[in-house]
Every structure is written in C-alpha cells, then in structure tokens.
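Two complexes follow with subunit A in common, the first pairing it with subunit B and the second with subunit C.
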Partner chain A sequence: MSVTETDIPVIPVPTQRGASVARRIWRIALASNEFRVGAIIFTVLVLAALLYPELSGIDPTKMSVATRLHAPPFMGDKWSWTAPLGTDQIGRDMLVRSLVGLRYSLFIGLSTVVLMLIIGCSLGTVAGYYGGRVDMVIMRLTDAQLSIPMIILAITVLGVSRPTIPAIILVLGLSSWPVYARVTRSVVMTERKREYVRAAEIYGASDFRIMVRLLAPLVLPPIIFVSALDVARMMIFESILGFIGLGVQPPTPTFGNIIADGRKYLLNAWWIATMPGVFLCLCLTSINLMGASLERARNRIYGGKS
Partner chain B sequence: MTGTPLLKVRDLSVGLETGGGIRPIISGIGFDLAPREILGIIGASGAGKTVLSRALVNWIDPPLKVTSGSVIYKSQNILDLPAQKLRTLRREIAYVGANPAGALDPTLPVGQQIVEKLRAIAPEVPHDEARKRVIDLLGAVRIPSPQMRYHEYPSQFSGGMMQRALIVDALVSNPAFLVADNVTQPLDVTVAAQVLRLMRELTTRFDTAIVFISSSLPLVSDAADQILVLAEGRVVERQVTKALVATPQHPYTRELISQIPKIWTSEAVAIDPPAQSREPIISILDATRSYRVRKRGTFASYSTVRAVRNVTFDVFPGENFGIVGESGCGKSTLMRLLSRLERPDSGHVLCDGQDIARLSGKGLLKFRRDFQLVLQDPFNSLPPRTAIGAIIEEPLKTHGIARGEQLRDRVLSVMHEVGLPGALYDELPLGLSAGQRQRVNVARAMVLEPKVLIMDETLSSLDQTEQFKLLKLFEQLQVQHGLTYVYISHDLAMVRRVCNRVAVMYLGEVVEIADNSRLFFDPGHPYTKALLSAVPTLEERRYKPEDCLLEGEPPSPIDLPPGCSFTSRCPNAFGRCHQQSPVLTARGGKDLAACFLVENTLTHAAA
Partner chain C sequence: MFVLSFLVRRLAQGALIVFLVTLLIFTLLRVVPGDPVRLMAGGMAPEALIEQIAKDMGLRDPILVQFGRYMGGVVRGDLGQSFVRPASGASTGGSSFGDSTRGERAEVLTLIGETLPMTLQLGGLAILFALVFSFLVGIPGGLAPGRWPDRVAFYISSIFISLPNFWLGIVLAMLLSVQLGWLPAIGYGGFAYTILPAIVLAVELAPVLIRTLTGSVAGVMMEPFIAVGNVRGLSRSRIIVAHALRNASVPLLNLIGIQISGLLGGVLVVEFIFDYPGLGLLTITAVLQRDFPLIQGIAIVTSAIFVFINIAVDLIATMIDPRLEY
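Then we have the complex of A and B:
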C-alpha cells in the first residue's frame, strides 16, 4: 500500500497563541463581583498596613496619658482626626496599632501556610509516589505529629524559647503540615497508577520530573485554593498566641496582645478589643471571597460543578 | 417473524436538555420484537445506542429526556408507567451493561447479591429456592464450580466471569425481555464467543427476547436474527442478518461493512513485507518474570505468579510484529520488560545488541528516545490538567532537545503529522474524543522520533471507523520515518491487517511464532486455532468453534499444572501433554510452535 503526502490532511496552524489555562482562570475570576470586592478590600488593607504607619508618622508604641481612652471620633463628642479609631488605655493610636498588628498577622499567616505547603506537599508526594517503606516512615511521622495538639506544642516550644517571629512561624508550620501531607499522598497514590505516568517513565522522565511537572500541577492547585482558608486559620492562631502572651512580644502591637489589653476595658472602651477583631474579620472575609471565586473559576475551566 | 410482538417501539425520541433547548440524541426509532427473537442494534460510537438501550427499559435520567414515542411491552407503555408498576415489571425486563466491575457490589459475595436482587423483585420466592436457582444459573452460564463461586466476592472473579454473573443477575427472574448493551466489549474473543453462544441458548431455554447492542457488526451478526443499523440517532436500515450482510441497502451500512477487516483473503494484509534485514532491533532471550503476591486468606505467605515464562523472539527493523493472546496471558508484563519499566528475573532483552537491563544514565536516555510506547486507555494516558501542547512538549524538554519557539514549532509539526489541529495546542484534553486522545498519545511518542513504537492495545478502545483512520496514520508514519511497530493486541482482525509476523502467547509463554499468512491459514498450535475460531467475522469460518475451543478459563498462573499449560482447554490433548511441556519447535521456515503434535507431524514426515 503506498502512501503519499497528499493523504495527510492539511490543517492550518494558528498564528496566535491561545490563552494559557492559568490566564483563563484569572480572567473568569476577575469577571466575578465577589472576587473584585474581595480583592479591593484586601488591597486596601494591605496597602494601609504597609503604608499608613510609615506615612502618618505616628509611633504605635508612643504613650500619651493625656489622650488615653479616647473614643473614636464618630462615637465621642470631640471630633478630631488625630486618632481616627480612638486610643487605648495609655493613649496609643488604635488605627496604627491595628494596622501594624495586621502586618504581623498577615506575614505570619502567609509564611506559615507556605511552610506547611512546602513540607506537607513534598513529603506527601514522595510518600505517595514511592509507597512501601518510604511511605510508611513518612506516614508514621505525620501520625506522630497529628497526635500532638498544636496549641500545646506551641505553648511548650514558645514558652521555653523566646517567641520570635521565625519561631512562631516554625511552630505553627511544623504542627500543621500533616493534613497537607495526607491529602497530597492520597491524590498522588491514585494518580501514580495512571497510564500517563507510565508514558512519562517510558519517554525517560526522572522521578523528580514526573513529580514536579506532571503530578504537582494536578495535586497543588486544589490544595493551594484550600490553603487560602488556612491563611485565615493561621492568622487566628497567631492572635491566640498573642492573646495568651506567647506571640510577638509587646510593645510590638499584635492583634492578640491588643485584644488581651483591651479585655480589661471592654465595658467603657470597647473599641480597643474590637478594632483588631474588625480588621481580622475584614481581612479573612476578603481572602475567602477571592479564594472561593478562584475555586469556582477553576471548576469552570476543568469542567467541575460550579 | 411470526406471532404477536412482545415489544413495540414507536417513534421513540430522546433528547438532551441543554440551556438553549433540546438537542435530539435519538429520533423516530420504531421496531417490533417477537418472543425468542434476538434483535441486534449496531452503530458507531455516538450513534445513540446506549441511550436507546436505556430508553427501552425506561432508564432515562435528566438531562436526557424522552421527547416523544412509546415503548409498548405487553400492551403497556413502559415510558408512562408509574415507578410502582414499573418495579413489578422489572422481573420481566432485564438489562445488562458493559461495565461488570462497576455493576457488582464489591463488598458482597456475588451469589448473595443476585439472591438479594431476585428477592427484591420477587419476594415470594423462598430464600433456599432463590439460592438454588442462582447456583443453577451460574452453572448454566458456565461458571466453573458454581457452588464455590457463589460465595466468592466480585474481586475474585475475572472480567469474563463477572460479565457472566451479571447475565445471571439479569436472567434470574426469568425475564421475557433482555437488553444487552455492549456486553462483550470488555471480554476476550474466546470468552465473548462463549457469551454469545449463551445468549442464543437463552432464547430457546427461557424464551427470552433479546436486544443485543454492539458496535461490532461481525459480533452482532453471529448472534442476532435481525439487525437494526443506527446512525446519528436514526434507524437507517433494518434487515434479517444474512440479508443485511449480503445486500446492504443504505450507503451507511455499506460503508460500515466495507470497513470491517477481512481475515481470510489475501487482500486482508495491508502492509508490505519489510526489506529482508540482518540484525534484529529487539531480541528477547529466554526472559522470565515472576511476581510475589500475598496468598489469599493467609497472613504472611506468598505465592509466585509466573507472568512471563521463557520468552524468546526477535523483532527486525521495519517490521510490524504482533503479540496476541487473551487477557492475563502476560502481554502487558512482556511490554513492561520490553520498555524496561521492569527487568526480567532471568534472561535478557537486547535492543540494538545492548542488554537494556544494564543501561543507565545516558545510555538509558538514548534507549528511551528510540523506544516509545503508545498506551491503551485514551482517558488515563493523558494528564487531565495539562494542555495538549505541553503534554507533547514534555518528552522534548525531558531530553533537552529543543527550547522556546523551536519547541513549539516541533510540537505543532508533530500534531499536524498525526492529524491534530494546531488550535488544540493550548486546550486541555478534556473535550477530546477517544480517537483524538490516541492521536495525542501517538504524537507524544512520535515527537522524540523513535525507532520502535510499541502499541499496547492502542486501538482496542476505538470504534471501527477510528481504528481504520489510525491504522492508516500508522502506515504513513512508518513510510515516512521507517518505524518498527510492535502491536500488542487481542484483536486478530487488526493483527491480520497490519502485522508481518505474529507471536501468540498463552499463560506467559509464547506458544507460536509465525508469518502472518501461515498463522492464519495454517496455525501450528491448537490455541492459535481456538483464538482464530473465536474471531467475530462476516466471512465463512475456516475453523469451527465447536472443534477448536473447549469451555473454561485458562488455569491460574499461580499453580500451573504440570505439562503443557494449554492441556486443560485443548481438544487434542493426549497423555504426554499432561506430563511434559513442549518447547517451541521449528515447523518449516522461521515459524515455530510449541506443541507435541507439531513434533509428531515432523517425525512422521521424516520417517
């Protein structure tokens, strides 16, 4: 049987590059109102946290007994912009303090989640990919880790050593990765048996390459979307640590220690304990809004339910 | 057909409800089905066969919707019946689908499940009697030792046995009407032949009328009295089987028949023999591979599965080499050895004279480049969340062959070569058809410009038309790139069409190696003959299934009986076969077969 060139159908090659999958997800997410609202709130908060304390020139730790316990202007009788959210029991500006607290909280929350992702996903991938003894060792490790309640571990470690920012990140990160490892492992275990992994072995891809180029794009996105919610969780944990005095130490303001201080004045100066909470709440809401609409956009592209 | 029809279908239409209205899937279907009749329904994939089969038993779920028509069974319109009444009808109407593993509950013994079903639709049957009936039927569908099998779990059944258990499940209530949707698709030819024979027996033993749906005309024509041809949701032709095959009326039917590969004609072979070559490109020498598996019901004891036993053969450059055999015969293990996903326990696999088990580093990478595999399952073999262009780029990146724009150009040219539009470059494989997915698979293998391509059941999941197109593509690629193909398949018609030489495997051994025409016209091993007798075909059979094939399944590779492994199913077995195992014996030319009968004829000829 002879075959000639003309048997091959001629198909026009497009000159323009189609939009990549990631870009299409962005586009869909950007079109939704929820994402926009979340993104605007988040950007404003982050910009404010980064810029306002510097630009206003107000020192968050500067005491001023004369102006102590001022109510926010919209509450009290003296209308003044000097302290838009009032002052605390020793006359420190609440807005600046809350924003600095947000700064620490966000930084610690984000870094912790990144740390958790790195440890959890890499260990989970390795365990699921190789199976057997490797899997057993790693999974026993996660079991051991899971059996120690996070808050007890944090109190022990941070109570004994000095609670610096890296220490807090490490403690929070090290105590929460097992969940990520477990989820990653189970996905990798099922995916590993699929034929495309076999095909990759046959075209010569190394194990590392298969894990990074083929399995990671499959495993990571859903986990990363979920981890957005964990940023919020970790910010709360950071506040708890601050509240019980094991977070970043005063006089540096954090949500936790501001609330702890304000607790005593809750009846006559409610804003001290409330303001950090409001900021925390706004920040978490905006993160969740963005996370949820990204997840929905992803499902639209990959054909899941929306 | 005489008598009053059991089932009358009139103007049946089913549509898919989408946002913008209803898209018709099947429209205006009408036919009658008499008692004891087998009606075959054929059509390409996407013709609406499964939707039709489900509509017949009123099993249409949203977003599908019956838009018009009636299915009248014994003067009641099934489609209008309330759920309550329909339930009582379920004992008369049965349905068997194509996915036996998915249809059985893995946590219950098979027999118990079937009894459960029987008692659900016929509560008046006492438990003991139900049990007895199920065991009888398991025996009737030729499940060996039904008493024991009754208590086993679905995972302990082979695919063929599960399918037969499902048939029992459908028959246990003595249905008057059975819908069999693609029941033989997951089965080997030999088992499929057994199931077909069973279907025909049913019509006489239980007076069942059967609607038998399949995409393979030869298969349907083996079983059915009449055939309905379905194309794009419409009946284009209806004839008595013999007439349909002999004088098809509609052009679609004619095309369908012309695409069916013929086996026992000289035009069946669509390839030229390769230039007589010197050095084999692959040679496998006495390779053996066993696995240790945990023994069932024990805590720490293992048994050995001998998946590939003493396999030896050569493949020459430019050749199309076929490896055929039933599932579980060791084809896949052999493929894993050839592609060095695993190393043999003993023996060697040589590629270009090098033992591939010893390769590492650069040498291994070079081997990987020359030696590519196209896998079976079009849905599992592509990473679902990677764009098609990126999938094909990956091998190039792995080997560091090209980068940037060059990479893209190379991928686009390969996509063009296998007939994929370049517009798919940034698309995900989600929306692709099975045929297109297999093209992506081929492109991923071809992009490295290999010398050898192994096709591991690459075409078995595609329908006739797609198979035909892809085979043409493979021929083109071979002409342009001088490829060597190894086809691993259970589809003998395809092997007949494309392979120069064929190795037949049974229970981990190669029992025969022969040139294409010798294998098909003068098989040396009784197993080859049995396989050939079971091939569904429209032609006059050269080998009668009754003469060649004994019932039953191959013995388990865990405890192999002594002697020739085919003894338990061989119609020609004699004393010696039970004690000694025959080796591959030359029977003229390069053809070899492992059977004492070959030896005997040779010694007779010499004497």
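Then we have the complex of A and C:
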C-alpha cells in the first residue's frame, strides 16, 4: 500500500465536455480485464458483507466459551463447519466479524473520500478561479499540509480526542484534501481562460454560477473516477488507526482492532490476525484494480503519462 | 548564480512551510481536548495542583503568546523539553511530578537526535529495496506496453498497494522469523533487525514507483531519439540504459521526493509493529502520552527534512535533465 498523499496526477486541459469524457473513460476501463476482475471480486465481497451476517444470524460480538479458538476447517485439531474462518479467543465467529468489519471499513472509506472531494475540489476551484492572494493562501496551506505525514496528523487528533466514526471520517478527510485542491486548481486555472468562461462573464453570470454550472461538470468527473484509489487508501488508514487503538472502538469489529487482538494469539491461533487481513487485501485489491484501470483509461484519453 | 538564487528562493519557501506546519500542529494540540498536565500529574492530583502546574508551565496563556514563546526558542535551536520523559530514558508521570524534576526531563532535540539515525537507516534501506524491485518489474513492463510484462507490473502494483503494512508486517514476522527463523523481527540488536521492516516499507513504496516507471519508460521509448539511436546503430541495451532510463528516471526522482512524507507515515506504523526504536515509535508514544513539545519538535524536524529532500531532488533532477528549469 502507499501512504503517500501526494501522488499528484497531472491532468492536461480537457478539451471536451465532462460528461462525454466521463463516458469514454468508463467505456475504456470497462473493456479491460483488470477492471472486470476487480469488479467481480468487489461485488461478491460487498454482497457477502451485506447479506451473510444477516442471513447466518450469527452475532459478531456473541461470546461462547464452548467454541473458543476453533481453527478454520481442516486447519487444526478443533474446528467446525459453522465457523468457516474459525473463531477467536472468546469464541466469536471470524467470518461474520470480518464481514462486519468490511462494512465499517467501506463506509468510512467512502464517506472520507466524499468529504475530501468536497473540501479539496471547492478550495481548488476557488483558488484556481480567483488566483492572486486567495490562491496564494490556499496553496501555501496545502503545501504545509502535504509536508506533514497525514497519519501523524490523524493520530495526533484522535489520540487526544475520542475516536468515534464521525471523528475518524472528519480527521481522515480533513488531512488529505490537499491533493484534490491542487489537481482541481491546475485544471480550473487553464480552463477559466477559455472563451466560454469569458462569454459567461460577459453575459453577467455570477462567479458562483460559473464555478458550479460551467467549471465543475467539466473538471470533476475525471478527478472523481481516480478518487476510487483513495477509497482503498482511506480504508487502509482506517485499519491502521484501529490497529493502533485509535479507530472505532471494540466491541464493534473492525479490521484494525480484530488484527490487533489476534496478534496476541498469533502463535497458537494464527487465523485470528491473518484472516481479516486476507479479506481486507482482497477488497482493497479489487478497488485498486478498478481504480487503476479508470486512471489508465483517463490517462489514455488525455494523453498523459500513466 | 542560478543555483544560488534557486536555493535562496526554495529555502525561504521551505522556512515558510515549516512555520505553517508548526503553527498548525501547535494550534491543533491546544484546541483538541485532552489536558497533558492531568496526564503528567496523575489522575489523583487535586485540581488546584494541576492548575498551578499548568500556570507555571505557561499552558494557560493565550495560544498566540504560547506560540510566540515557543518560536522564540525554536529559532535559537531550542525545541524545549519533553513533558514526560526524563533524561535517563523511561517515562515518568503518575504522582511523581514536582517542579524539582523539571530540569531532568529530556531535551526534545536529544530524543530526536537519538532516534533519527535509526529511522534514516530504515528508510534508506527501504528506498533501496523498493528501487531495485521496481526496476526489475517496471522496466520490462514499460518496454512491452500492453503485453504480459506490462500486465504483470499492473497486477503486482495493484496487489502490493492493497497490502496494509501492519498486517504484512505481522504475517512476514510470523513466516520469516517465527516459522523459518531467517530474520530477527522485534526490537533492535544490529543491522539484521532493519531488514524485515525495510521489506515491509519497500512493498508499500514500490507500487507507485513501478507504475511511474512503467509509464515513463513506455513514454520515452516512443520518443524520436530512441528511433534515432537505432539508426545510429546503438545496441538495444545501450539505448535503454543510456537514453531511455536516464530520461525516465526524472519523474521517478520527483516521485521519491514526494513520497518521503508518505514514507514517514509508513515508518510510524512499521516501527510500532516491530518495536524498532526510531522516530516513528517515538512519535506514537509521544502522541499517546500527549507530549506536546515532543510532537511539535518531531513535526518541525520531519517537515524540514521533507523540504530539504525536495530541494535536493529538484537539484539532482536538473543535473540529470538540464532542460528542466525551476
């Protein structure tokens, strides 16, 4: 995984309306095998996460001394078919726990990226549109934020306040918007010099209207596509926070806290720490395959470097 | 002359960035709830004593006053003293707080100075591993766009980027050190202890490098001067090494500069898992202990390193490719 927040893609000036560009990116990506492999894995995982815990009726937090430390089938002395991934030190079912963890992980990942997009793209648009002093201030702010590892920022805040789900989303979102601000700004800056923006100005359209109605639909779609990659990154950060003990708190199962828990039993029950990680990796790989295919498709259209 | 004006300009920008980082962290620490004095004095300490200590340490002054006082120290090279760590090593706290112990608390600069070399060693080795691996995977991928080496590179980078570092660390420690006994994992007792954490960090760094390398090699190979090389009768390996790689390495170099800040984040987690006594472990304990001066000091030092590395990267890039201007 990569913890960098600064893998800034260079987007040359789009020459077409955003919607049609978006459709073309989508079509090219959809045609690639990598995207399909990712999409299939992702769909299976999401369906499992949504359905299995309900259908099986197993409570992810229910303890049971009788079934404690069961191994996955055929992998140890003690196992049962009812717990396909084994059970943990107090008899909780690992499959259900992993899938519920996946729900939280996906939810936090998606919400964080939405927040990042909102903050980053609006600040970037404003900076690129007005230029001058506004631009200066916003850009120096992003520079400063880019030079602190966001994980330090996140654990600093969460370490001293209480880590609830909204707090985690807010902290992760607030500490990684600068990339979006930079990208959006660079596109808006070139775009605003074009004739149609001038024409709109002459017609008396307000700045707000130009930004929202003219620039946003043009500039945003390619950026939003590539933000799929950030969903995966944010899910990793969420799990890191959970692992350090600064994520969603137990008994709610999340990948981070399950793995941190299982680490203590690594020598006699290896599956507790490793199995949730396999799920997390599978899910992240599927998202990354889709995201990278979209990115590649976008780069092909804009002729940029991949 | 050009280099000089470049340096002056970039250093000035860098100083501004470090200042903003300090301001940000400083304000953040004081705005967010959680009283460090409560932690220092222990949960049983009476409210009056806590207020007294906080006042003595200047923690009840307006934030701007505190910040001014702190920056005054910083420009003289004084990053202050840790709230909780005594000079001897172990952390104090609990009920032992008293004014007499203040002088014995560790200097932030010393703490950072002790751990930074360890982290640089780890980071350096990780970058080396990552570069070697991405060259092995990325160059063949870039030379054969659309064919299987390219696909392999694509899948490898997608999978590597999906491996959470803490999980990979646990799994590798279990396999390589507990099961097979090849490498030591926990703590530090010699250079061998750096290898496993460095591998985990390298896996984290490699995907972006592989992708950039594949892209830039593929791009460079389509340039006219490669075709001209063929016409000039140069061997394929010479064209690739002397012409293609030289040009493809500039984006890679820039990327490494940018990735340094990401690397620091990874270092934090990896050092925490492997109990590696570097800057990352120091940061995590500082945060968990609400050790304000230490957190601030680390933020200043890391952002300064980030600034310097990026200046160095730009300088080296102009050496490799004189067409670049900054």
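FYI, the second predicted complex is superposed on the first by the 243 of 306 C-alpha atoms of A that agree within 3 Å, B and C clash if a C-alpha of one lies under 4 Å from a C-alpha of the other, contacts with A are read in each partner's own complex, and residues count from 1 in each chain.
Just so it is clear, contacts are C-beta pairs under 8 Å (C-beta built on N, C-alpha and C of every residue); 3 or more make two chains touch, one makes a residue touch a chain.
Model, not experiment: these values are computed from the prediction.
When the two structures are aligned on the shared chain, A:140 is found in touch with subunit C, with no touch to subunit B. By the touch criterion defined above, A:202 lies against subunit B but remains apart from subunit C after alignment on the C-alpha atoms of chain A. Residue contacts after overlaying the shared chain place A:34 against subunit C, while subunit B stays out of touching range.
Of the two partner chains, subunit B is the only one that A:213 touches; subunit C does not reach it. When the two complexes are superposed, the chain touching more residues of subunit A, out of subunit B and subunit C, is C. Overlap of the subunit B and subunit C interfaces on subunit A comprises residues 1-3, 7-8. For subunit B in complex with subunit A, the touching residues are 270-272, 339, 341, 364-365, 368-369, 371-373, 375-377, 380-387, 391, 394-395, 397-399, 412, 416-417, 419-423, 425-428, 430, 441, 444-445, 448, 472, 475-476, 479.
For subunit C in complex with subunit A, the residues that touch the partner chain are 13, 16-18, 20-21, 24-25, 28-29, 32-34, 151, 154-155, 157-167, 170-171, 174, 178, 204-205, 207-208, 211-212, 214-216, 218-219, 251, 255, 258-259, 261-266, 268-269, 272, 283-284, 287-288, 290, 295, 298-299, 302-303, 306-307. The part of subunit A that touches subunit B in the complex is made up of residues 1-3, 7-9, 11-14, 17-21, 194-196, 198-206, 209, 213-214, 217-218, 221, 301-303.
Contact residues on subunit A toward subunit C in their complex (touch as defined above): 1-8, 34, 38, 140-141, 143-153, 155-157, 159-161, 232, 236, 239-240, 243-244, 255-256, 259, 263, 266-267, 270, 273-274, 277, 280-281, 284-285, 287-289, 292, 299, 305-306.
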